[in-house]
Amino acid sequence: MPLSVAKVIGPSRKRGADAPALTPTKLKTPWVFILLCMSPWILGFLLFTLYPMITSFYQSFTSFNLIEAPEFIGLDNYRRMFTEDPDFWVSLNNTVWISVISIPLRISFAMFTAWLLTKPKHGRSFYRTLFFVPSMVPAVAGTIVFTYIFNPSYGSINLVLEKLGVENPPYWFMDPAWSKWGLIILGLWGIGDTMIIFLAGLLDIPRSLYEAASLEGANAFQTFRHITLPLMTPVIFFSGVTGVIGSFQYFTQAYVASGQVNDFSHSMYFYASHIYYAAFQAYEMGYASALAWVLLVITLVCTLIILRTQKRWVHYPNGSLFK
Amino acid sequence: MKKKSFVASLAATALLASGLIGASTAASAANREVTVWVPFRGGNLEMWEASANRIEAKNPGLTITITGNIDMAKSLAAINAGNGPDISIANGVGNVGWFCGTGAWKNLNVLIQGPKGIDLAKTFTPPAIKGTVSGNNRCALPFSSEVFGFYYNKTLLAKANIKSVPKTTDELLVASKKLTKFDSNGDIVSAGYVPWAGYGDNDMGAMFLGHMFGAKWFDGAGKSTFGSDPKWKKAFAWQKKLIAQVYGGGDFATGSRKLTKFVAGAGGFWYTGNDFITGRVAMMAHADWMSMMWCDPDGWNLNPCKKPAVNFGTAALPVDPAISKTHYGSGIVGSNTMGISKGSTNVADAWVVMRGIATDKTLAVAWANANGDPSSLKAARVGAAGLKYPPFYKTFYDISNHKMSGYHPLMNTSEHLEESGLQDLMAAYQANTVSNLSTRLTALAKQVNQIIARNK
Amino acid sequence: MTTDLIELGISPESRRQSRRAKQTRIIKEMLQSVASHSTLILLSIIFIFPLYLVIVISVMSMEQAGNRDLWPNPFLWGNYQEIFTAVPFLKWTMNTFFISFMTMLGTVLSSVPPAYVLSHLQWKGRQTTFVFILSTMMLPGQVTMIPVYVTFANLGWIPSFLPLIVPSFFANAFSIFLLRQFFVSIPEEITDAARIDGCSEFQLMLRIIIPLAKPAISAVGLFAFLGSWNDFFGPLLYLVENQDLWTLGIGLNSFRGEHNVDAAMMMTASSLFMAPVIIIFFFAQRVFIEGVTLTGVKG
């Protein structure tokens, strides 16, 4: 089954971002209809985005335990975060660590598997299905399966590693030094959806470019460096941005894994877990709101940095929304 | 909810009927209704209802409504929101600080000393009296207790030719060494005592360690002494020594690694696959009510204990030889507590009801027969009419009688940071990731003090 | 192009050379094909192994599950019966299904109209609105989570399914985005012609766009369903207090400790939890893959 990405999104590209209306008869804009149709989103935005944002911003300057009315305490929550809360630093460290390691790894691995999938003449969709299926598995189930597979006593990963001659295989989730690697591997196992995006990107690259390169005697590396990579930069850029946003919200896998193995050492305690514990275990809603706003600022800064640098390295064939 | 008590786990798995929340109303003085929220259900709830009937019979005009299946967090939230019951329960030891510190429960001094008061010292055991204050705030009455002691596998000890139960930490180390067996790969097949945070499905490893060495949690001013009491360092050093000598052939890192793998292969804790039942571990520290599972893993019955699932014995926790004269025989004893909500409009009647429940000997005896948990009511302890317990169980009564027994002073540290933080530190230490223990202990003390200050 | 010209006047000598070159190229291609297929097969094994393990352990005995065995002996198919009696598995499944179904319904109903007016109607500020909607996708959920939770708590909706279902009826940026991308691929000529015929905008959306966009709507519906089926955080916040309302994710995570469930049974439950998702995927693979692709490429 060939991918028909071009077919699906082609017209939108052709039309361009703000192309003037091609409507032959100038009709009056049906504002009531538009407003009616947009109303679910507008209401949703007001109720579940704007109001909560304003409220949580205010509450980040209060002491609020869900029961008594919020009490204004100025910048105390922010001061406490940076000076009195070691868990804040632990969670921030873990989060930065996993972002720095896992985002590039995920991108490379997605690129590699997608590239492999472009190779065979037959059976591509078969392999693609197999690679994609793990990404469908519910996070809780996947994590529980991996805590089992990684168990030093009865897990099969270490059985394989021992067979391969590894003397002291790591204890994965049971070892603070290795637990995050366990999570990274769990993430790579579910690379399927990212891989599909990379695959579509690779298949979008015109064959003629490769043919021209091979005629000019370019080797595989040069072809990759000068054709594939530049044309894949929009996809890489997209994965980078979503990766940063995603890693600061990384929760379920870490929560489930650390619950299954008693992670007293907090090696799998990430920023999102810290917010969760502050809000729903300690019921310190004000403090948790402050943590959330710091999270927002961090993600915004990271995204802006990537956006700023994109002009230097992201190569767009034509119009894009964020250009 | 820190301690995993049997009662707590029942409450946690209980189907909580949400419709019940908010059903209570602040009783007006005219109708003299007193509402009580408890986490119990089934037989335990029936015992409470029977007790309420007895109190009603003695106090004409009084109505008591008992609602079961309500856990602690729910009660606390409702009390603070102003629609809680008159009386609620903090199940699981050590949670009194939470209820008192947030002001959810009223101070009881006036009532206790009043005309319908209680002579605490005559009525309750000393650990129960100590365990019902938060800081200096007496805001609760005890209901039952949890006693933590030492379990050992008689068959395995006999096989290893260990004549007497280890009484000191040194003896415990020697016995562990005799009991531990490795397979041909060098993996631990069965272990003696495992001083390991996170082993045995409870988070009290660090508390046991502290108790064994008589380490102090707070000074007289209510400040954390993790950094200043050298006994904490001594306790951790012993943990390290045991891991190295028993499990690592002298090397700590090796022992730590082997124990990690051993702990990873533990059977499920709450059923017959439990390591202590299968003989995978020979000695462990745990609560009195674990006896119910050793006696009958399927039905959790203490009486009678004719065919236990494992041939086990009970004792007090071994202690540091330096303090064994004064401390051996003692243990960690926590109280389950109850208090009167700050929003109660019928305090006089609520007090009558609470005092009635706390001193109801029939209830206390029935409770102890069904759940273990030596009563905090003196009249319902060893020798009380109708009280049944298997012979081995007397150990727990003895432990709770010991004058060094008790719980560390309870402060309002929100989610028990003094306990969870210490447990986390122990876990980091046993995983060989702590380079400077003193710094970490001092930092933890500072953090605990900050939380106490903030919650004031 | 230049090569072709040269090849027109080739000598027998160079023809032989080119045949040899062709042969080496075929060999090279064969080798490459063998190499890529073996790498693909190896990777496939790695990807599938955990799923294989779930299935085989799910029918093992408790003892065997603790043995690193890779083949059940004997097969305990009874595990699949036992899981329903050991825990309220059926109830959890029904709960999860109900929430997922309602979420799917709400998402589709509320996201189609905005996507329509953002694609087939010309109005001032349309593009700005669209970009604004997209930018809300960047907002971390944690920032809004607490006030939303407090609101639901004040409404007395915790614990209940309502906090998980109701918001889906207020559209969401991701679904609007996906639908809009499909909608713009429907040629303007069709809608323009209908307008000239006097078709109202509402009729146009209902009678022309929706039937044409069935694949897109199914994709959005499927994503909503699966997103809800796989969700853990939402139920963790809103359902934990009442075991009657638990979903499969919450139930599965709580197995350890609370119930007499061993490793083998954990895998039994896990396999039942992931089965519907994987079955749906095999039936709707095309919809899925195109949907996922679309979310990424246009960035």
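In order of appearance the chains are A, B and C, and numbering begins at 1 in each one.
The rule we apply is simple: contacts are C-beta pairs under 8 Å (C-beta built on N, C-alpha and C of every residue); 3 or more make two chains touch, one makes a residue touch a chain.
Model, not experiment: these values are computed from the prediction.
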Point to revise | For chain A and chain B, chains touching each | key: C
Point to revise | Highest-count interface - the chain pair sharing the most C-beta contacts | key: A-C
**Study point:** Intercentroid distance (Cα basis), chain C paired with chain B, Å
**Key:** 46
Revision key, fill the gap. Between the Cα centroids of chain A and chain C the separation in whole angstrom comes to 15
Point to revise | Sites on chain B at which at least two other chains make contact | key: 265
Practice item. Name the residues of chain C that each touch 2 or more other chains. Key: 66, 256
Check your understanding: Mind pulling the chain A residues that touch 2 or more other chains?
Key -> 66, 153-154
Point to revise | Contact footprint of chain A on chain C as seen in their complex | key: 3, 32-33, 36-37, 39-40, 43-44, 47-48, 50-51, 53-54, 57, 65-68, 70, 110-111, 113-114, 116-117, 121-124, 127, 129, 131, 133-134, 136, 138-151, 153, 167, 169-172, 176, 181-182, 184-185, 187-188, 192, 195-196, 201-202, 205, 226, 229-230, 232-233, 236-237, 248-249, 252-253, 256, 263, 266-267, 270, 273-274, 277-278, 281-282, 285-286, 288-290, 292-299
Revision key, fill the gap. Listed in rising order, chain C residues that touch chain B in their complex are 62, 66, 156, 159-160, 241-244, 256-262
Review point. For chain A, which residues count as touching chain B in their complex?
Key: 65-68, 80, 84, 86, 151-154, 168, 171, 174-177, 261-262, 264-266, 281-282, 284
**Study point:** Partner chain C, residues of chain A touching it in the complex
**Key:** 1, 3-5, 7-12, 15, 17-18, 21-25, 27, 29-31, 33-34, 36-38, 40-41, 43-45, 47-49, 51-53, 55-56, 59, 66, 113, 116-117, 119-121, 123, 127-134, 136-142, 144-146, 148-149, 153-156, 159, 189, 193-194, 196-197, 199-201, 204, 215, 234-235, 237-239, 241, 245, 248-249, 251-252, 255-256, 259-260, 272, 275, 279-280, 285, 288-289, 291-293, 295-296, 299, 303, 320-322
Revision key, fill the gap. Chain B residues touching chain A in their complex are 77, 80-81, 102, 197-198, 203, 257, 260-265, 414-415, 423-424, 426-428, 431, 433, 443, 447, 450, 454
